[in-house]
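Some structures to go through are shown next.
In what follows, subunit A forms one complex with subunit B and a second complex with subunit C.
Take a look at the complex of A and B:
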């Protein structure tokens, strides 16, 4: 398998307008591009996995689509509108929710206070707490505990509970499984499956590809800043092996 | 594929209504640099004005130096305001949010102490914030 400059766009079966579309995105740091003209689409109700080894440019792609990093070329379209230059908080407020690698919780606030931060879409504090408890009953035991003292799995649950409390239209998850025990990862992906079943569009970024095989509808393999293959997750296993092992 | 058409339509509507920043948004950075430059210029003008004033016995020139010094002061203040606006705005916004949250929590604690049970949903979360520690007498 060879890297292609113009990566094939990931298109779902349906003819619906993509909720998220990246067109010819180039981006990087200090003038050096680390993603080189990628195309990607996430259609309503689909779960798309962006897979690839460490350093492929997956997290940089997420930074671009969430407004945290300006692309040097190309267009980011959200719900059909070009949003290059949109502020990350503007996008988040409207329903593009990114749960970043490293969870992005406030470690010095309690679990309850972390949840309260998510009332910006008009939900009450009690409502947010109730929803978090329904999704992750384990968290209710730690509501008054400082979030930084939770285990990695509990912190990831809190991060997801916070993200889901905003009722996202498009949920973007960066390395959900990072540093977690397999049993916790399974629990988290079970929740991801539930959220997907409720109709939320999801873009998953994972280094450990096998985890998302059963969850994702579509997948794209990213290597060295290029999307080298797209398709159904099961059809990409050979490409994934090559992507991770080189060759 | 399962869709949630209502949420998708709402999302599309909200994105369509979103105000986008000017793509030529190097403006903020330029104004930050302008603010810094004005502060420096303002500060430099003060010793310059002193030098002019000190180096002459001509009252007219000394008055000119006073005007230069006051102009320098104004330039420095304007530069400081620009610098504050474009460098610390994010930090101050977060600080203000934290301050208002703490004030709300404090109000809840006082209300809870005066009339227990009225703020059950928003009960204070930290031990230090327990109603027993609040003396309202």
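Take a look at the complex of A and C:
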């Protein structure tokens, strides 16, 4: 793996240049590709939803763009810079924040310590705690509680609070709704809408497409490792049903 | 009262040392997930290095201390992490443990290599003899420094781990390394820092305790058992509880030193064994560890094939025949040990390889077998041998019963504690009675063992005993392979792969675990009994923990799930190492560290050496021409040796040469020519058919291959009529637009498959698989 050059944090050059761009990405495991040449762009301030059924290759795509998995072909460009092979910690420190599926928290650390993990990018511990408290006030009651003992929804809030603490340029959310009660999911997506309104670019990955219809500006439908259609979420409903039902 | 206070101070000072050492152990374990068996050995090397600088070369204490604690120890830790430990991610606990045990063995070898054993190396305490008067009692400067050091370490570690970002990242790294990466943590730096600090803490402990002990690599390294006990109080995670554990242990040892009657033969060994006994007891009362839910291990051991096992069994017996007909009596006695000890190694195959359980006490079980056959062998009766197996299995069961819920590192520690308690205390007890039972052990020295007699035929010469052990190894190997083929074996492997999955299937994990422990102990007992017979008389030091560690290590290095792994350990430790050491003195020096270094290499290839060897000789095994030719050539070489045409060295060299040439020829014959390679590349193998349609387009050749693989030659062929779009590059998969004629007996019904997107591949796969199953 190579380190990204020590250039300033990710800022796209005006609205014309995508903040994140995937060009012809192929990637997989043990020499077998599971995504077969996908192209995807996330422009500054936009919320893009990557939708598709289970096994479509969405999580693999996220692994590639976050630096967890090297693509076998194609390029990942962040703010116009090619970052193929960049280490995930380097990308994270430069403003690409991925919240993985299944509660991205450290269960044996306290809530406060979980937040401290994000004290890079010039943030102090107090800054991070303050910002989290402003976004999710209910978390302040549990600051010294071990994160693993929180409820599923609280854990997801903590993961989001931690992710947003550094004001990332690009927030990537993988299956935010997984295993959560609908009311909690609604709350979380409300926060996502707020964050988007503040100008943060967001890439949402969801298996349950309906949830993100109202939040996303653009959407892409992924099936069997291919992006089969892109457009406005409402325009994609037909191809979504085909993707999910195989019709 | 004075005595009580004095020994309280002694106990607290010991506690402080244990606390420092065990906190280093906990630090590396919690932050990198590796339980470092060699932690005490790092302290030992540091103590030797300090002695060298301070007392041999006369450097001032502050400079010597600074060099060792701030330079050598952290640098050693950094190198360990960078070169060895980082490569252990994703390996099983057995592999991790073996690598650190190997390090321990290599470090003891290294210390013996640099500092000639047996020489006196006095090491003074700090501010020798000076004391502080506390009013009610006095305390030496050394004791005071020790206690203050422990307090500073405790406060420093607490601050580091809970108040600094790097410390929190260290703990986060244990929870979820990938998530830590996504949060911008630097796991590589975390690992390096942990090992550097851990090594320095071990070094502090080593230097502080060395003046109280003799500067001996073995005993200093095994001091770690006491530190383990302290660390287990904190379940290897909590530093405060680890400090509590250290205080309990230190005070226990202090008061035992003060009040245990020293003249009582039964209690003399109790004090050195106390820490091990405490360790065992604490493990027993520890809360239940969670079941392992997933194990994506890098180790893979296929079940042995009957033909392969038959070949191994016959080869071992033939090797025995060759040895007894070519070697002199001294060599037969010397190299004959490898078969009984290979049986002890074999006992680890079902336990470690199949069931994924760890035992470091196999040589202790062998000791039990030797004791039984010595005292109840009936003057060499086969029943004595059987009794040895049964009693050892029962002892194994007795150990396994309380620890049956433990696994992984906890089980390894429990068995290590059992072995240490036996070494330091039980094996050194005089005879005693339990009710009507009179128990004799090693009778405070060594005990005689009569050779086996079967129907009047006595195995009373070294040659006969060697053959007996070789045949016993072969038979036991077949039993061990038989276990793998049985339902019980499958249960064990399933347990190793996922305890949680087994539990959800309704398997009770307790009984298979207990049974495999008993089986394993029984086999070790048989090995121990045969080993005792070969030696004629045995003493307890033959069966101690330290002697057993290289055996355990080499079985895992060979391949813990394979009978060949046991053979590798036996031949390596008791064949090749003494043989090469006898050849050149410099090899003997290298051999001091070579077993350890071999084990360290395991991180690179966790499945062990034997699978590599098997892969290497596969063409030879399958070659119907070269294999018999090699056998004939070997018989000829042997016949010439019998005719005294040459000595043993040329004989061995010729055998090796024949093997190497035969293997090379078989390899060359198996290698396909360029044209064949192209043809092979064109036609996909049956195994790859799973991926056809996903990674490459379908061809009618694949269908023919599939039919052939399923022996469907006599049935009407499947066809691929609609191939017009199969190679359309705009489509994701080759089968798009293809029609497959679904096959129902002799009736052919066309079924349309796929239209515009990637569904085609999945659907077609289903059709083809459905067809194949039908």
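What we mean here is this: the second predicted complex is superposed on the first by the 232 of 247 C-alpha atoms of A that agree within 3 Å, B and C clash if a C-alpha of one lies under 4 Å from a C-alpha of the other, contacts with A are read in each partner's own complex, and residues count from 1 in each chain.
Here is the rule we go by: a residue touches a chain if its C-beta (ideal position, glycine included) is under 8 Å from a C-beta of that chain, and two chains touch if they have at least 3 such contacts.
This one's a predicted model, so the numbers in the text were calculated from it and none came from an experiment.
Applying the stated clash criterion after superposition on subunit A shows that subunit B and subunit C collide. Judged by the touch definition given at the top, the superposed model places A:32 against subunit C, while subunit B stays out of reach. Within the superposed three-chain model, A:119 lies in touch with subunit C and out of touch with subunit B [touch as defined at top]. Contacts of A:87 after superposition on the shared chain: both subunit B and subunit C are touched.
In the superposed model, A:68 lies in contact with subunit C only, and not with subunit B. In the superposition on chain A, A:162 makes contact with subunit C only, not with subunit B.
In the overlay built on the shared chain, the residue A:215 is in contact with neither subunit B nor subunit C.
Residue contacts after overlaying the shared chain place A:224 against subunit C, while subunit B stays out of touching range.
On subunit A, the patch touched by subunit B and the patch touched by subunit C overlap at residues 87, 113, 125. Of all residues in subunit A, those touching subunit C in their complex are 32-33, 36, 66, 68, 87-89, 92-93, 97-98, 100, 104-109, 113-114, 116-121, 125, 162, 223-226, 228, 242, 246. Those residues of subunit C whose C-beta lies close enough to touch subunit A in the complex are 162, 165, 168-169, 171-172, 174-176, 178-187, 691, 694-695, 732, 757-759, 761-762. Note for the complex: subunit A touches subunit B at residues 12-14, 16, 19, 43-46, 78-81, 83-87, 90-91, 94-95, 110, 112-113, 124-126, 143-144, 167, 169-170, 196-201, 217.
Contact residues of subunit B toward subunit A in the complex are 1-5, 7-8, 10-12, 14-16, 18-23, 25, 121-122, 125-126.
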